[in-house]
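In what follows, structures are represented as structure tokens.
First chain A sits with chain B, and in the next complex the same chain sits with chain C.
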Partner chain A sequence: MTFLERNFLDIRNLDLMARGDSWPHRLDPRVKVLTTMIFIITVVSMDKYSISQLIPFAVFPVSLLAASGLPPGYFLKKILLVSPFALMVGLFNPLLDQTILLHIGSLGISGGWISLVSIMLRFTLTVGAALILIGITSFNGICLALEKFRVPKVFVVQLLFLYRYIFVLLDEASRMSRARSLRSLDIKGPGIKTFGSMAGNLLLRATGRAERIHLAMLCRGFDGNIHTMNSSSLYLKDILFLLGWTVVFYLLRTYNFPELIGNGVLNFT
Partner chain B sequence: MSHHIVKADTLCYSYPATDCGIHNISFSITHGESVALVGENGAGKSTLLHHLNGFLQPDSGSVSIGDYPITQKNLKAVRRSVGMVFQDPDDQLFMPTVLDDVCFGPLNLGLAPDSAKNAALHALERVGAAHLVDRPPYRLSGGEKRSVAIATVLAMSPDVLIMDEPSSNLDPRARQRLIKLLMSFKHTKIIATHDLDMAVDLCERTIVLHKGKITADGATLDIFQNDTLMNESGLIKPLRMQGCSICGQDPERAESP
Partner chain C sequence: MHMADALISPAVGGTLWAATAGTMAYCCRKVKLEMDDRKVALMGVLGAFIFSAQMINFTIPATGSSGHLGGGMILAILLGPYAAFLVMASVLTVQALFFADGGLLALGCNIFNLAFFPCFIAYPFIYKKIVGKIPTEKRIFIASMLAAVVGLQLGALGVVIETVASGISELPFTTFLLLMQPIHLAIGIVEGLVTAAVVIFIWKARPDILRYSLEAKPLKGVMVRNVALGLLAVALVTGTALSWFASSRLDGLEWSIEGVTGSGELQEPDHGIHESLAAIQEKSAFLPDYGFKTNENEHGTAESESVTEAPAQWPAVDAGTSTAGLVGGLLTLLTAGCIGLLLRRKKTTV
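Now for the complex of A and B:
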């Protein structure tokens, strides 16, 4: 298996997880999407040097993981896989921002390092929450929720189709790259020429398939509207979930609990 | 008036900037008939099929479903009565779950969600795929995909079934099951296929296409026994009509058990 296959086909496992049956799974998709959105916005809105105040936010993803019984290791691996992107964002902070903000013994820690750590923390929290959201809701559930939030249908349908056919396309791409590597023996990696024609070929195949899918849709009376069967209704527990977490996020945003607790301990002694 | 009649009248179509296509195709298929459409690769089978529910508009000539020729205006009615099963089920199963997919047609026809669901469940039961209801299409095996693809079409209760290579990419057992399933349908059927053994099982009538023209139209067994015709059309007899290359027995001389 190529790197591509191993890591992307693995996304399907998220969908399998979403078929579980725990209380977070059973919540209305809308509520989960909204709560996660509030969570992400709150985390992102924190001050750029905040570290201690960010840590308690982990209570949201961790408690969802615990309640839904999803394997934490899987999510950690996925987060690690995309972490280089976040690292790139903050990589130069330690060089650009050299004001010393903190002293540990005789070691001065600059603002750049602190903001880098803060970026990585935020990244872990938000990406983790988003992945867990898919793991307990399924991608289709999220799309349905978006539709209920009046996101224009075109976008929702695009997302649904993207998710349905990305696997078919990846399959085609990996078959092609396997066929190439089998016939290029010792040569490592495709040359720019081969790569170009492979990409072109893939594009043509994708357009061909899109055409056939459109025909198949027309064949069954498609008129621009996609009707889905799922009807969901909000229950009290859904509302409580949303309100409860919003209050928690608000408190975590306004008060720095680790600092309060630390001060408390200091005053007590 | 019946929707079950499919009629082509001096149908011509050529793809832009090439000379391939179909020329002067005429036939009439009546209620309940099951017709095999055979021919080598590139003979024009798919092109012809694409005319039967209005994907392609003929350059000249016409196709009628029931008593009316296909026009832009009645396209929707035509597509309702002509169900098409595609060669690659992945093209046909585009919704998130099997149920959503099978409901897609009925919902587009304007059925209420409940009756659409009933129609879908009924169709899935008919093809023996009721247990797959909640699965996403990419988690199905080839045979299951094919069954569900057929169910998506059945759910719209079409009068005419058109299939493009239904037995391709199936393992022998899945192929057997498919043949049994298709035998149980009372619809008018048009099956484009390279699987001539299946054609013998399913279709009493065969139309042979060669380079875009009809070279024969008649009883399936008569056509498959006509060696010169088969050769000229680039076809090979179905396996069970060939002599056995291992025991050397000629099927025409062999006594039926």
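Now for the complex of A and C:
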């Protein structure tokens, strides 16, 4: 429960963050969605044993975070909270892949540990990028971008509706839940039967609400489209953002900069 | 269980994205054609309902732990497969964006596993067949139960296949399968129970809703995150214990894994140096441009050119290269930090 409540609180937090005003916030949502996708695909396409080459990719989330003024600690905490699944699956790697691939002094490190570290690095990068995307774009912005990308209207409208009513129904659900736990002296949770009637009730209220909403929308002239205010023009800065980062990702993918730098430094000394 | 970007390859992610996008386009057309637009509002609100129902926890019988609703099957029963697929996809999209539950590239996989199977396999072939034209409480119960279990089993199978095909995790197919299917059997049973409870409630209170939807609806139920987490924790502890055991008694572990998986894929117990060198070469063979240059690379600098061309030279064995990687990695981190600080300062001065 606390886990979920925290999650829902997060929707509010991210929603508030997305209302900020900085140059990443002001970029066109399409550009941000595209750049993030390219970033994720590039990171995921790295070899499973790569570690050093993955590190420089942090430049993308780090600079976006810094430039937009979003709190880095918040994102780090969120990433930590959701890491168990990747960690679970990744932890089998050291167990199953025991080939020694690397020696630090006399300590041999197996391929499994290397790929585990690699998995966790990718995880941090991809999850971080996705969260930052929503933090600087807002959900409505992303829906707008999806619409421009020719995602079917039905789906986009559905997303906008869903997002709008999460807040309303959440309050309803938490009131029901609180009422139940007060009346039952806060015993741990309802049984499945009680849950069935609670969820059922919530569902009936939701359907009723949907009917009223629909009627209200018809009164206001709803024709199956949700019209959003959109300035559809891309500015030079948007294109530069997309192209610039794509070039950076390409270079980072092609050359292993940390190793080049490391070699340089070692050479020099 | 939502797959993460970190565990899939671009090929797998892209394929499943394409499959999902295709299904979605088809569903959108279907929904548009056959739907009065009353359903548009209903779909959105029901998606929000799934989220809020997850807020209400329930106690799982006999375990004392608590779980929450997953939702796919209930949606299918209430809305029909096409609309339910879209609603489930939107729920998963919001989860991926806000909760970092699953990733953006893995979203295709997650939608396929959690929406396609319940909506287009479990609902039409199991739920509808069992419930038939005249639903009774007993039929609804059995149908929800079976459909939820089958839907989740297929979903779990999807996760296993996609993960193994990506090749990021070392888990062999059989082991992973043996891990996932029983866990999801447990989850599926609870999901079935809850789905049945909710659907039966609705059937008693507002039978018209169900009758209206019986013409084309599937449903899926409850996700017992806590049971899953419990079982996963057991797996984790076992895994860690085994890996500790592994470091001291390698042969024993390999023996036991071979016993479990019945596959000879693992390393030979003979741990001679030639064996591991050969294994490394084998591993590096599919890395283009990668040369096995143990001797020449002694100082880590001589081969910088050929090193740079390899997309992934981390597996290199010699100390020079790895030191270079470490030093360079640290420097890069520092640089990234500095860039962050610079940009931040610039922002505050503005």
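Convention: the second predicted complex is superposed on the first by the 256 of 269 C-alpha atoms of A that agree within 3 Å, B and C clash if a C-alpha of one lies under 4 Å from a C-alpha of the other, contacts with A are read in each partner's own complex, and residues count from 1 in each chain.
Operating definition for what follows: a residue touches a chain if its C-beta (ideal position, glycine included) is under 8 Å from a C-beta of that chain, and two chains touch if they have at least 3 such contacts.
Since the structure is predicted, the reported quantities are computational estimates derived from the model, not experimental observations.
In the superposition on chain A, A:97 contacts chain C only, with no contact to chain B. When the two complexes are overlaid on their common chain A, residue A:17 makes contact with neither chain B nor chain C. Judged by the touch definition given at the top, the superposed model places A:161 against both chain B and chain C. Contact with neither chain B nor chain C is seen for A:132 once the two complexes are overlaid on the shared chain.
Residue contacts after overlaying the shared chain place A:209 against chain B and chain C alike.
In the superposed model, A:145 makes contact with neither chain B nor chain C.
Contact with chain B, but none with chain C, is seen for A:227 once the two complexes are overlaid on the shared chain. Counting the residues of chain A touched by each of chain B and chain C gives the higher count for C. Residue contacts after overlaying the shared chain place A:219 against chain B, while chain C stays out of touching range.
Comparing the two complexes, residues 139, 160-161, 163-165, 168, 209, 213, 217, 222 of chain A contact chain B in one case and chain C in the other. Across the complex, chain B meets chain A through its residues 50, 53, 55, 76, 79-80, 83-84, 86, 88, 90-92, 94-97, 99-100, 103-105, 107-109, 113, 116-117, 136-139, 152-153, 156.
Chain A meets chain B in the complex at residues 12, 15, 139-140, 143, 160-161, 163-165, 167-168, 209, 212-213, 215-223, 225-229, 231.
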